[in-house]
Structures are given as structure tokens and as C-alpha cells.
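In what follows, chain A forms one complex with chain B and a second complex with chain C.
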Partner chain A sequence: MNAPQKAKDLAPLPYRILDDEEKVRKAVAIIREKAAESRMFKLAMECCTKCGACINACHSYLGTEDPYNIPTKRADLVRSVYKQEIMPLSGVLGKVAGGIGVSAELLEKWFTYFYQCNQCRRCALVCPFGIDTAEVSIMVRQILAELGMVPRFTVGIVKNMANTGNNMGIAKPALLDSCEFLEEEMYEETGIKIRIPVDEEADIMYVPSSADFFVNTNTMIGVAKMYHAAGIKWTIPSEIIEAANFGLFFDEKVMKEHNRRLLDCAKKLKAKKIVQGECGHGWRAARMYTDGLNGPVDVEIRHIHEEAAYFIARGIIKVDPEKNGDIVYTYHDPCNLARAGDIIEEPRFILRHVVKNFVEMTPNREENFCCGAGSGLLMEEIMETRMKLGKVKAEQVKKTGADYVVAPCSICKAQLPLVFEYYNLPVEMSGLMDLVGKAIIL
Partner chain B sequence: MKHFVVGVLPYLTFLILVFGLIYRIRGWYASKVKYQLNLFPAPDTPGGEILKEILFFKTLYRFERPLWVMSYGFHLGIFLIFIGHIAGIAFAGHQFTLFGATPEQSEKLSFAFGMLAGTLAFFGALALLLRRLSGQVKQVSDPWDYIDLLLILAIVTTGNAMRTLAPVELFAVKKYFADLFSLRPINYELPTAFVIHYFFGQILLMYLPFSKLLHLAGGLINKAIILTGDGKAKLLKL
Partner chain C sequence: MPQIEIDGLVLNVDEDGFIEDPTIWNEEIAKALAKTEGVTELTEDHWKVVNYIRNYYLQYQIAPMIRKLCKDTGFSLKEIYELFPSGPAKGACKIAGLPKPTGCV
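On to the complex of A and B.
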């Protein structure tokens, strides 16, 4: 068992650390509350027939071979309490249905196993009833948060976000510095002054991933080159240079606050369109949750791949696949982009224009497997588990025989190189806008 | 005891089933759907997809073919049994005369359909039980998962027995239900095989609203959430 370290101090989250007795006392009432707030969670608790279709659909189970990582068995960790305490006639039927009461030990088990679920939603795809263990996982992490159990890593992210508007804790001067640095780099490469405008009024507000300023800089460069070539005015909001919304994984309040900040910035910069960068779950949060969190809104919300595909299709930008060489590329569908976010064909359309050799991995599109770090499982201390969660992905990539994996999501970008190294796969990896940037004709 | 099962329990069963269903389904609809939770690609007609799910068990067919064979056979059996009970009892086996068959032909057809349905349900349930007893699926099973299947097997087995080993006069059953529905006293004997079958059947109906067997409603409500997109237009149709 490999669980993330728990935070000892939850600020700025509005929760506090509870002792075991208090946790156990409060748990059932909170489960009941969540069941009233999410029909999907309630139905998952009440309607699973235990048919087992999800067993071999889950990379977490396939990689760890731990039965508690079977989606329905993971959900059973809560369902057993639900059956005992909440289902109608639970007093009579609960025990035989495998019902158990809450204990501090059980809560620890929740913490371990719901932080081995990547919330990738592949189980929801294969379940005849669409029962979504990601939704269960989101709810249970919320319950755990309200009981004072949150990973230290996650609290750190929330703290950075509250202080600086991004997960890495980049302050505005540092942001301006690195934009300048990237502009210089582009100038050296192309001889053209390509800007990365910050906090300027523009129709398009682009929300990158904060990692794009330090680790995945080519993604940022690709975006800047693209808007330059398209001749469109755009800007980056210094108050939220973070597409990622970790609240989606575990806390509705955090998610709502992030989303509000996003919309506020758009208003301030008079943007008509928010364009989300290469971040899987951030896209899901913005595309699928905005209306429910802070809606209705009049700003258009798009993904950078929608923009790029549109520009290429309409001839607004020109690309030359020769520039990305003869090597063989394959595409990893980030779960939240594809299954949960409808960005499925755009990346393929773009890839076919910017590289010469592109092969699909199997399965792909909405059936693709997770990289193994989805839902923010980027903690150092669970590296062993993370590598197991990445096992299926490594096997998939190996089978393609490709030299290069395109994975347009910051979490995938942080996880996959480690997975490839661990499984001895000599493949390179980057985002998709990186390749657009290289192929673009300026 | 026999009198209780045929004269009193049915009214209780009816009340528990109806109020149980209302209670459970109201509970689901009282719970909120705050966000857009569908999966992609979203079908153009979610209703059509749900229909395919009901008629063909499309998702199982796509992802779990061996289970689909067992499950589809089993459910088709249950469905035919359901229809067969209504038609067979209401017309005492003469339902096919409506389509031009003679009474004798109709009884034979009724028997044949009964055989088909009973066999599908029996072997389907047996296959599902054996599957559940082995390996991977055993790991995710609770006592109730077995009890559900055993209960259904008990009903199907006694039902099959009434068709083959201990035949029951359908006219008698029809008269009984007519009396039951018009609240007339049931002061006559019914065959023991029927009473046993009927007893298990009522247990199933009473238990149905409080168990996973309500997947036929809850599962489809959930599937509808997964399948219903928000209809937002794409920037580029690909």
C-alpha cells in the first residue's frame, strides 16, 4: 500500500484536521449529503450489478493487480458503508449485502485507494450503465477533505494557486522574465519578433499551464508562433496562468474559486474567448463545469487544439510536416481531453498536417488508457504506485514502435518520461503545440 | 400458510412494490445533476442510444462479448417470461388465437415460447452464477449477488416444473387472478407447485425496489446522464 502523505495543515482549505473519533462520527452524514448532491454518485452506490465489465478495463487494476483497484471494488469501499447506513431497509439488508460501518481504518483505506484512481472514466465507458468511478472518486476525495484528509502535495498546489494564480507559485515578475526569455529564444531561432503578451486587452485570453514557462516551454512557443502567424491579438492573464483546476479532483469550492478567477480575468481583459492550453482536466473543468459552477457565461470557451485545427483547415496558418522529420509519432489521448472533453479528432487532424509519420496506438480515442498520473497523482512519495499505474500505457506505446509520443496534457507530460524510463522505452515525448510551433511557416 | 401466500401476501407485495419503486426513484430524482457529466463522443440522439442499450445491451456487446452472450440470453428469457405471464394467464394459453391460430395450436405455441423463455432464463442465470463463482468476478461479489441469482433460479426452476413435470391448469390460475383483482375471497385450493413458485415470485417483487435489481431503472437513468451531451457546437466539424 502506497498512499500520499497527508497534509498536517490544511490552510487555505476551509477544513481542519479531525481526530479519528470525530471523523468516524461525521462520515455517514457527509456521504448522505454527497449522495443528495450528485445523482451519479447516488446511482453508482445503488445500481451496480457487479457484472465485472470494469475489471480489465482499468489500468490501475491491471498495473497494480490489487483487487481494491478494480473500479467496482474500489467503489465498494464506500458502497459497503452506504448499504449499511443509507440504503432503504439497510438495517435488514445491509449486513448480507456486505455492509460495514465506518472505522478510522476504513477511512485510511479510502485515502489509499481513491488516491490510486486516476479519475480517467474508462470504467464509465465500458460499464453497461455508465457507472462512473471517477465521480465516486471525486465525491470520496471530497468527503475525505471534509474529514481533514488531503494529500500534502495537493494542499501545496491549492496554496500556490491562492497566492499566485498558478500551481507552481510563479509571481508576476518571474512570469514576465520568462516570457521575455522565450521571446528572445524565438527571435534567435526565427529572426522575427514574436510576442507573448501579458495582461493586455485582447479578444483572446490564452490560459497556459504554468509548467509551460519552465518545463514544457516549446508548448508555449508553439502557441505564440501560431497566434503570431495567424495575426490575431491574444494575451495571457498573469492572475491565472494555470489551465489546471485541481479542485475538480477533490474539492468543489476550490474548483469554483478557480473557475471564477478565470471568468473574472476574461472580463477584466475584455476577452470574448477563453482558450485553454494543453491541460487535460483543466479543459474538462472549464468546458464541462463552468455553466454549473458560475454560469451562465457569455464568453466562449475553446481548447487550443480547436483553434489550431481551425487555423490549419482554413489556411490561416501554413505548416510544413518536413520540419518535424522522418521519425514516427504516436498520439496519447489524455483522458480528460478525449473521453471527458471531446477533443478527439482535432489533435489527429493537426498531427496529420504537422508530421509525416503518425501511427495510432491501440486502443485509442475515447478508449485510450490513462498515463497513470491523472487526477493529480504527481506526488514523489507514491512513485512506485505511479509506475505501476503507467504500466499499461508503457505497453501500449511499446506496441506502436513509435519514436515519439505526443501527449498534450501537463500531467501526462510530467508522468510519461518517468514511465518510459522505468520501462526502458527509448521514446521522446512532448505536447502537440510544440510540433505545430516547429512545423509552422512564418 | 398457503392461504396467506395466495390470499393476503399478494396485496402486501403489491403495496411494497409500488411504494418501494416510487420511494426509490423519487430519491434518485431528488438528487441533483449539477454539472455536465457526459462522455464523448456524445451521440446525436441519446434516446436512440438508450433504446439500443435496452434492446441489444450495446455496451456489453462492445466491450464484454462473452458476458453479453450470457447476459443477453438471461434477460431475453426474463423478458419473454414477463410478457408470457401476462398474455398466457390473461388468455389462458389462447393468446395466439388473436393471430388466427386454433385454440390447440395456440396452446402448443404458448408452451413452445414458455420452453424457450424458461430455458434461456434458466441457463442464462446458471451461466451467470458459475461465472460469478469463478476467479475475477468472485472478487467483486457480495452475498446478495449470489442470492439474487439463486432466487431467480428458484423461480425459474419451479416455473419450468409447472410447465413440464407438474402441469398446472391455466384456467384455474386465470380464475384465481380474476378473483384476486376483484378482491373476492380465495376459498379454494391451488396446486402446491404454483403456490411455491408464486411465493418466490412475490419475494422477488418485494425485494426488487430495495436492491440492485432496480438497475433496470437506475442503470438507464445513469446511462442517460453519460450519453446526453450539452449540444455545444464545435469550432470545426471534423
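On to the complex of A and C.
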């Protein structure tokens, strides 16, 4: 068992750390509430027939070989409580029907195993009843948060987001310095003055990942070159240079607050369109939950790959695949693009135009396996688990024989190089806009 | 709060071994932290990177972009990894007394 370290101080989350007795009492109360209000939860708790379809669909189980990481078995950690507390015959049948009460020990088990689920939704894809165990995982992490059980790493990110509007904690002066530096880099390379406009009124508000201003700088450069070539006025909002919305993984209030910030910035900058950068789950949060949680939304929400595919298809930008060389590229579908956001064919269309050799990995598209860090499992202290969660991905990449993996999600970008090193795969990796930036004819 | 003791120097650190209070940083602390990151001796090249990161942090309260760090110090990323085996974000930033870079990195 390898669990993330728990935060000792939850601020700015509106929760407090509870003692064991309080935790148990509150857990039961929340489960009763959820059972009353959520049809999804009832369905997940009551309909599973243990058919076993999810067992080998789950990279977490395949990589860790821990039975509690079988999606239905993981859900059983909660289902047993549900049966005890909610099902009509629970008082009579109890353990016979698989029901057990909540204990502090069980809650620790929840914390361990629901933080070994990447919320990738591959189990949902194969479940004949449509049970989405990722949703169960999201719900259980929400319960854990309300019991004061949140990873230290996650609280650190929420804190940075509250203070600066991004996960890394980049304040505006640093952002401006970084943009200026990247503009100089582009000028040195191309001889053209390509801008990265910050906080200017524009039709398009582009939301990068803050990691693009630390490690994935070529992703940002690719986007800047693209809008320059397309001749479109765009801007990035200093108050939210973060496509990632960690609230999706564990807390609805955090997700909603992020969305509010997003919409407020769009309004302030008079944007007609919010374009989300290369982030998997952030796309799901922005596209699927902004309207529902914060709506109605009167601004269009698009993904950068939709923009790039459109520009290429219409001839608005020109690209030369020669510029990305003879090497063989493969594409890793971020879970939340392929199984939760319908960004599947756009990246492939772009790739076929910007590189010469592209091979699919197997399986792919909505059947693709997670990188092993999805749902924000980027904590250093669970590195051993992370490498196990990345095992299936490493095997998939190895079978392609490709030299280069394109992975347009910052979580994947943080996880995959470590996985490749761990499994001795000599492959390179970057985002997709990076390659657009290299292939573009200016 | 965890503490570490290196050569008689006791430091309050976070769970990742980064100093809890970045303002107390000095060269002695850097030398002590270096030992926790597999750097036995801080050479002139090490100091060039450490001081660059430190000064950037003092000005901007964040680590510089890796690309900028490489360009401004003249070291390639490979060379930085040779100097700091655990890399710029973990090793070099820790020795320079920064908080651990967090987010999707």
C-alpha cells in the first residue's frame, strides 16, 4: 500500500481535519446524502453484477496486480458501506449481503485506493451497465476531502491556484518575463516578431497550462506561432494561466471556483471564445462542467486542437511535415480528451499534416490506456505506484517501435518521461502544438 | 515539521526535504542541501546555476523556466543533469533554497 501524504493544513479548502470518530460519523451521513441525491451513485452501487469486464480494462490493476485496484473491487470498499447503511435488508443481512460498517481503517483504505485510480474511465467504457467507476472515485475523494483527508500535493496546488491563478504559483511579473523571453527565442529562430500578448482585449482568450512556462515551453511557442500565422488577435489571461482544474478530481467547489475565474477573465478581456490549451482533464472540466456548474455560459469554449485542425484544413496556416524530420511518431490519447471530451480525430488530423511518419499505438482512441498519473497522481512520494500505473503504457509504446510520443496533456508530459526512463525506453516526448510550431511556415 | 541534520546544521524542511523558510538560505545551507541531492561538492559551475535560480527567485518568487535557465547560464539541459543528477526542478531548486516546484511538472 502506497498512499500520498495527507495535508496537515487544508487552507484554503473549506474543510478541517476530523478525529476518527467524527470521520466515521460524517462518512455515513455523506453516503446517505449521496444515495438520496445521486442516481449515478445508486446505479454504481446497486447494479454491478461482478461480470468482470472491468478487470483487465484497468491499467491500475494490470500494473499493480493489487485486487483492490480492480474497478469493481475498489468500488466495493464503498459498496460494502452502502449495503450496510442504505440497502433495505442491511440490518438483517449485514455481512451476509456484503455489508460492513465504516471504520477509520476502512477510510484509510479508501484514501489509498481511490488515490491509485487515475479516473481514466476505461472501466466505464467496458461496463455493460454503464457504471462509471471514475465517477465513484471522484465522489469518494470528495467525501474524503470533507473528512479532511486530502493529499498534501493537491492542497499545495489549490493554494497556488487561489493565490496566483495557476498551479505552479507564477505571478504576473514572472509571466511577463517568461513571455518576453519566449518572444526573444522566437525572434532569434525566425527573425519575425511573434508576440505572446498578456491581458489584452481579444476575441480569443487562450488558457495555457502553467507548466508551459516552466518545462513545456515549446507548446506555448507552437500556439503563439499558430495565432501569428493565422493573423488572429489573441491573449492569455494572467489571472488564469491554467487549463488544469484539479477540482474535477476531488472537490466540486474548487472546480466551480476555477470555472468562475475562467469566465470572469473572459468577460474582462471581452473574449468571444475561450481556447483551452494542452491539458486533458482541464478540457473535460471546462467543456463539460462550466455551463452546468457556473452557467449559463455565453462564451464559446474550444480546444486548441480544434483551432489548429481548422486552420490547417482551411489552409489558414501552412505546415511542412519535413521540418519534423524522418523520425517515427506515435500518439498517446490523454484519457480526458478521448474518453471525456471528444478530441480524438483532431489531433490525428493535425499530426498527419505536421509529421511524415505517424503510427498508431494499440489500443488507441477511446480504448487507449492512461499514462498512470491521471487525476493528478503526480506526488513524488508515490513514485513506485506511479511507475506501476505506467507499466501498461510503457508496454504499449514499446510495441509501436516509435521514436517519439506525442502526448498533449501536462500531466502526461510530467509522467511519461519518468515512465520511459524506468522501463528503459529510449523515446522522446512532447505535446502536439510543439510539432505544429516546428512545422509551421511563417 | 521534519528536521534534517547535516554536518551539525539542523534545518526545518518540508516532506520533500526542501527548506521550510526560503529566506534563511545561505551558502552553508546550500552545501548541506547539496549532499541530500547527490552533489558532494559545489563547483563553480554548480554555483552558477544555483545563484542564477536563487536570484531569479528573489526577483520573481518562482523558479525560472528551464529553457531560460539553460540559455542564461550557458548550460545545456544534459549538462544541468550532469551537475544535478535529480534535475533542475528537484535538485537545483532545492539547493538554491526554493520551495519545490509544483503543478504538472
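Just so it is clear, the second predicted complex is superposed on the first by the 438 of 442 C-alpha atoms of A that agree within 3 Å, B and C clash if a C-alpha of one lies under 4 Å from a C-alpha of the other, contacts with A are read in each partner's own complex, and residues count from 1 in each chain.
Criterion: a contact is a pair of C-beta atoms (placed from the backbone, for glycine too) under 8 Å apart; a residue touches a chain by one contact, two chains touch by 3 or more.
From a predicted model like this one, the values you see are computed outputs, not experimental measurements.
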>> After the overlay on chain A, what do you see for chain B versus chain C, clash or fit?
In response: fit
>> Applying the document's definition of touch, where does A:306 land relative to chain B and chain C: first, second, both, or neither?
In response: first
>> Taking the superposition on A as described, I'd like to know which of chain B and chain C A:215 touches: first, second, both or neither.
In response: second
> Which of the two partners, first being chain B and second being chain C, lies in contact with A:39: first, second, both, or neither?
Replying inline: first
>> Between chain B and chain C, whom does A:14 touch in the aligned arrangement: first, second, both, or neither?
In response: neither
>> Quick check for you: in the superposed arrangement, does A:166 touch first (chain B), second (chain C), both or neither?
In response: second
>> Between chain C and chain B, which one touches more residues of chain A when both complexes sit on the common chain A?
In response: B
>> Contact-wise, after the overlay, does A:378 reach chain B, chain C, both or neither (first, second, both, neither)?
In response: second
> At the CA centre of chain A, how far apart in angle are the CA centres of chain B and chain C, to the nearest 10 degrees?
Replying inline: 150
> First (chain B), second (chain C), both or neither: which does A:50 touch?
Replying inline: first
> Measuring by CA atoms in the overlay, how small does the chain B-chain C distance get, in Å?
Replying inline: 24
> In the superposed arrangement, what residues of chain A touch both chain B and chain C?
Replying inline: none
>> Can you tell me which positions in chain A touch chain B when the two form their complex?
In response: 35-44, 46-53, 55-57, 67, 70, 72-73, 76, 87-89, 93, 96-98, 121, 124-132, 135, 288-289, 291-293, 302, 306-307, 309-310, 313, 338-342, 344-346, 349, 366
>> Please output the residues of chain C touching chain A within their complex, sorted ascending.
In response: 15-16, 59-63, 65-68, 71, 89-90, 101-105
> Inside the complex, what are the residues of chain A that reach chain C?
Replying inline: 5, 152-153, 156-157, 160, 166-171, 173-174, 177-178, 181, 185, 209-211, 213-215, 217, 244, 279, 378, 380-381, 410-411, 413-414
> Okay, in this complex, where on chain B does chain A touch?
Replying inline: 20, 23-24, 27-37, 39-42, 53, 57, 59-60, 63-64, 67, 71, 132, 136-137, 139-145, 147, 210-212, 214-215, 218-223, 225-227, 230, 234-236, 238
